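What follows is a set of structures for review.
Here come two complexes built around chain A, the first alongside chain B, the second alongside chain C.
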Partner chain A sequence: MDAVFSNFDEYLKAFGLTIGLFVVSGIASLVLGTILAVLRVGPVSILNKAASLYVTLFRNTPLLMIFVFIFIAMPVLGYNFKVVENIEIAGYNVSAFFFRACLALTLYTSAFVCEAMRSGVNAVPLGQAEAGRAIGLTFSQSMTLVILPQATRAVIPPMTSVMIALAKNTSVAAAFGLAEATATMRGFTNDNADERIGIFLFFAIGYIVVVEVISLSSYLVERKVRVAR
Partner chain B sequence: MSSSVLFDAPGPKTVARHRIYTVVSVVVLVAMVAYAIWALYDAGQLEYELWEPFVTPDYIEYILVDGLLQTLKMAFFSIIFAVVFGLVFGVAKLSDHGWVRWPAWLVVEFFRAVPVLLLMVFTFFLLAIGNGPLTSFWCVVIALTLYNGSVLAEVFRAGINAVPRGQAEAAYAIGMRKSQVMTSVLLPQAVKIMLPAIISQMVVALKDTSLGYYILAPGLTAVAKPIYLEFGNQVPTAIVITGIYVAVNLVLTWIATIVQKRLVGEKKVLDVPMVGPAPSGNATAL
Partner chain C sequence: MTAQETGTVSAGRGEPLVVLDGVQKHFGQLHALKDIELTVKRGEVVVVIGPSGSGKSTLCRTINRLETIDEGTITLDGKDLPQEGKALAALRAEVGMVFQSFNLFAHKTILENVTLGPIKVRGMGKAEAEKKARELLDRVGVGHQAEKYPAQLSGGQQQRVAIARALAMEPKVMLFDEPTSALDPEMIKEVLDVMVDLAQQGMTMVVVTHEMGFARTAADRVVFMADGAIVEENTPEEFFTNPRSDRAKDFLGKILKH
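And then the complex of A and B:
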């Protein structure tokens, strides 16, 4: 236990990085995934196919291989993303490592976000949209008043699963030189091999707290938007 | 045509507009692919020497035997053990005895919430490093067993609960014991419902074997490094290795679809919540 308590600031910093990776790539993959989902359910069939190809490809690729592409293959092509190091946000410089890890996580997670969104839209019964059109609602009215409110409710549980998986997947960044929770846990264990079980439990609890916070907040959101039927 | 919730069947004006959209998006997509190929060409990544190892029999054998075969072995062992683990804990979670149910719940929830990589690092330091009793191959298998087993426990529980109530009631009515009801009435029917979910979990297990890279385990990701260090062909290696993973996963997904059609028919795929016993009432029923 001493190993964690005497380096508690490092422990917090590690989970700070984990949460940072989660928040940035979570928001980015929600945006990209929504765009993909719009293409996927939209009326243009070639874009449907392109989006579904993207989803198939990225869902079946291990996250680690996407990291290999971004961290090992892209620099050979001249994309090392060093430009982001010139950007300064609130006094902190963005590191190229952080940017690349977020890019890899976003590319991977957005495929799952797209599928969750699509399942949400598909969960709305066809009769709802037809009834909306029948009483003369325009496209945007039937979208905002009938379909999206119902789809949002259906989307929350699968989206929570995707976000929890993302929070756990940030650990892969450990293999590529980011000092987030898993890498820090490995470092701690390396230095204090006799306390390895305690160290593992401490880091596991950290992750469990992150996961529980996500599922609790999704529960609260869900309770807020739930309707009696 | 009007199978979509979102749109009415398009009229002639809309069809014409969609045609324009199609042309524009084809141009954009072709431009993107062309740019990607040009970028590879410009960086000299399409040179024959860089791709040569992947048409050389010795290297093909190295990739397939030391890479793919090891990966498949790890996935195979972990899924077999995970099914056993999941069966035990899934049934234990349904037990009538609190002292069986709660520890099983704790174990399952713990291993589902902890990242696989953290588990791998821990088992590696606990059992393999120095002169530990196991190789990193088995550390990957243990970590994947614990994680996938916990997910499968939830699948088994949901599958058993998906068997119509009347089945268990009828079995009790003709005087069967609890264990008899489970083994000869509920489980045989539940397995049929769960098989597709188990196969898709195999895809997850196969993808996660790649994480063994971090603890120096063998497998496809491990064979990539010596190849690109020797030939300096990072991009072709990454493309080929990813291609193998995608191909194997697509085969597994295809099998899962066939099994789904054969055994479950058109009924809904088993829905397993990611965390906790789905606190929301009607959300999963949607």
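And then the complex of A and C:
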């Protein structure tokens, strides 16, 4: 236990990075996944197919392989994303490692977000879209004004599961040079082999707290936006 | 009805407004619409009746292209129905539609349901749209429910809101797809009263319904459909007292007996 308490700032920093990876790739995959879902249900056939190819490709590939591709194969092909290190946000420079990890997590998670979102869109009765079209709304208007607001409400429980999976999936980044929670835990146990169980418990509790915060906020959002039918 | 609307209606009364010519529609093996020829004149109330599965709803839905057609042409006010995209959206704004299942936007209040079209499609200001929406809601008798959500209203009230929502777009023609079929008997009357009122004020209407009373009182013409084809067209008086086709005689014999 001492190992954690005497290095508590490192422990917090590690979970800070885990949360950072989760928040950045979470927002990015919600945006990308929603766009993909709209393309999949939209009227343009070529975009339907492109979006569904994307989902097939990234949902069916292990996350670890996407990480390997982005961290190892892409630099060989000349894409190392070093340019992002020139970008400064709130006094911090974005590291290429952080960017690559978020990219891999986003590519993977957005496929799941797309499918969760699509199930939400399908849960909205067809009549709602017809009524929207009947008063002259365009496809994008009826999506943004009528379908998606109602789909979002139906989609909160499955989307929460996708987000919880993402929070835990950030641990894959441990193998690629990011000192997030799992990598830090490994460092701690290597240095303090006699305290392994205690260290493990502390990090497990950290993950539990992060996930509980996600599911609690989803519960609050769900109560707030509930709609009567 | 606004002065402007009644003005345009009376000015062109009697001209063809909706023209269906040689319309064919298939659902897989089923020939849902067979060579439909139908002209609806400005200010006319056409009631479409017929047994279930005869294609009446499909016919109604093709007029604002919620159903596509395989062959033939449909024109509205002399213009062909556009294929897709912005032009089609613009056309739909000119055609009011009332559904069997009301289809009010579940996440929006009654007032927002009525103002959404005018604000987002017509570009009307919020204050003006709300003023107009309240007038329409008062006219259909649900003005005091404006702040509620659809699920808090009865079926009859919801359907009257749906009529107000369609009217807010100042449509050239109103389509009613079995507007009272999902309602309790008591509520049917309140919806039909609004529709009769609308017909008397000169609105062009295509009404798919099983309400024979409405057909008798408000229709200028009854169109009888069976198996995807128009079998008979006549004035309500003639149609109900002296149907010409055997199919219509059989249908009327079944429904008017009780």
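The definition used in the following text is that the second predicted complex is superposed on the first by the 204 of 229 C-alpha atoms of A that agree within 3 Å, B and C clash if a C-alpha of one lies under 4 Å from a C-alpha of the other, contacts with A are read in each partner's own complex, and residues count from 1 in each chain.
The rule is short, and it goes like this: a residue touches a chain if its C-beta (ideal position, glycine included) is under 8 Å from a C-beta of that chain, and two chains touch if they have at least 3 such contacts.
Small disclaimer: the values here were computed from a predicted structure and weren't measured.
When both complexes are overlaid on chain A, the residue A:Asn86 reaches neither chain B nor chain C. Of the two partner chains, chain C is the only one that A:Gly136 touches; chain B does not reach it.
Applying the stated contact rule after C-alpha superposition, one finds that A:Leu145 touches chain C and leaves chain B untouched.
By the touch criterion stated above, A:Val76 is placed in contact with chain B alone, chain C being left untouched. Of the two partner chains placed by superposition, chain B and chain C are both touched by A:Pro43.
In the superposition on chain A, A:Arg153 makes contact with both chain B and chain C.
Considering which of chain B and chain C touches more of chain A, the answer is B. With both structures placed on the common chain, the touch criterion links A:Gln128 to chain B and to chain C.
Once the two complexes are overlaid on chain A, the chain A residues touched by chain B in the first and by chain C in the second are 43, 125, 128, 133, 153, 229. The part of chain B that touches chain A in the complex is made up of residues 3-8, 10, 14, 18, 21-22, 25-26, 29, 39-40, 43, 45, 110, 113-118, 121-122, 125-126, 129, 203, 207-208, 210-211, 213-214, 221, 224, 228, 234-235, 237-238, 241-242, 245-246, 249-250, 253, 273-276, 278-284, 286. The touching residues of chain A, counted against chain C in their complex, run 43, 125, 127-128, 130-138, 141, 145-146, 149-150, 153, 227-229. Across the complex, chain C meets chain A through its residues 64, 66, 84-86, 89-97, 99, 101, 103-107, 116-117, 120-121, 149, 151-152, 162, 165-166, 169. Every residue of chain A that touches chain B in the complex is listed here, in rising order: 41, 43-47, 50, 56-57, 60-65, 68-69, 72-73, 76-78, 121-126, 128-129, 133, 139, 143, 147, 153-154, 156-157, 160-161, 164-165, 168-172, 174-175, 181-182, 185-186, 189-190, 193, 196-197, 200, 203-204, 207-208, 211-212, 215, 219, 222-223, 226, 229.
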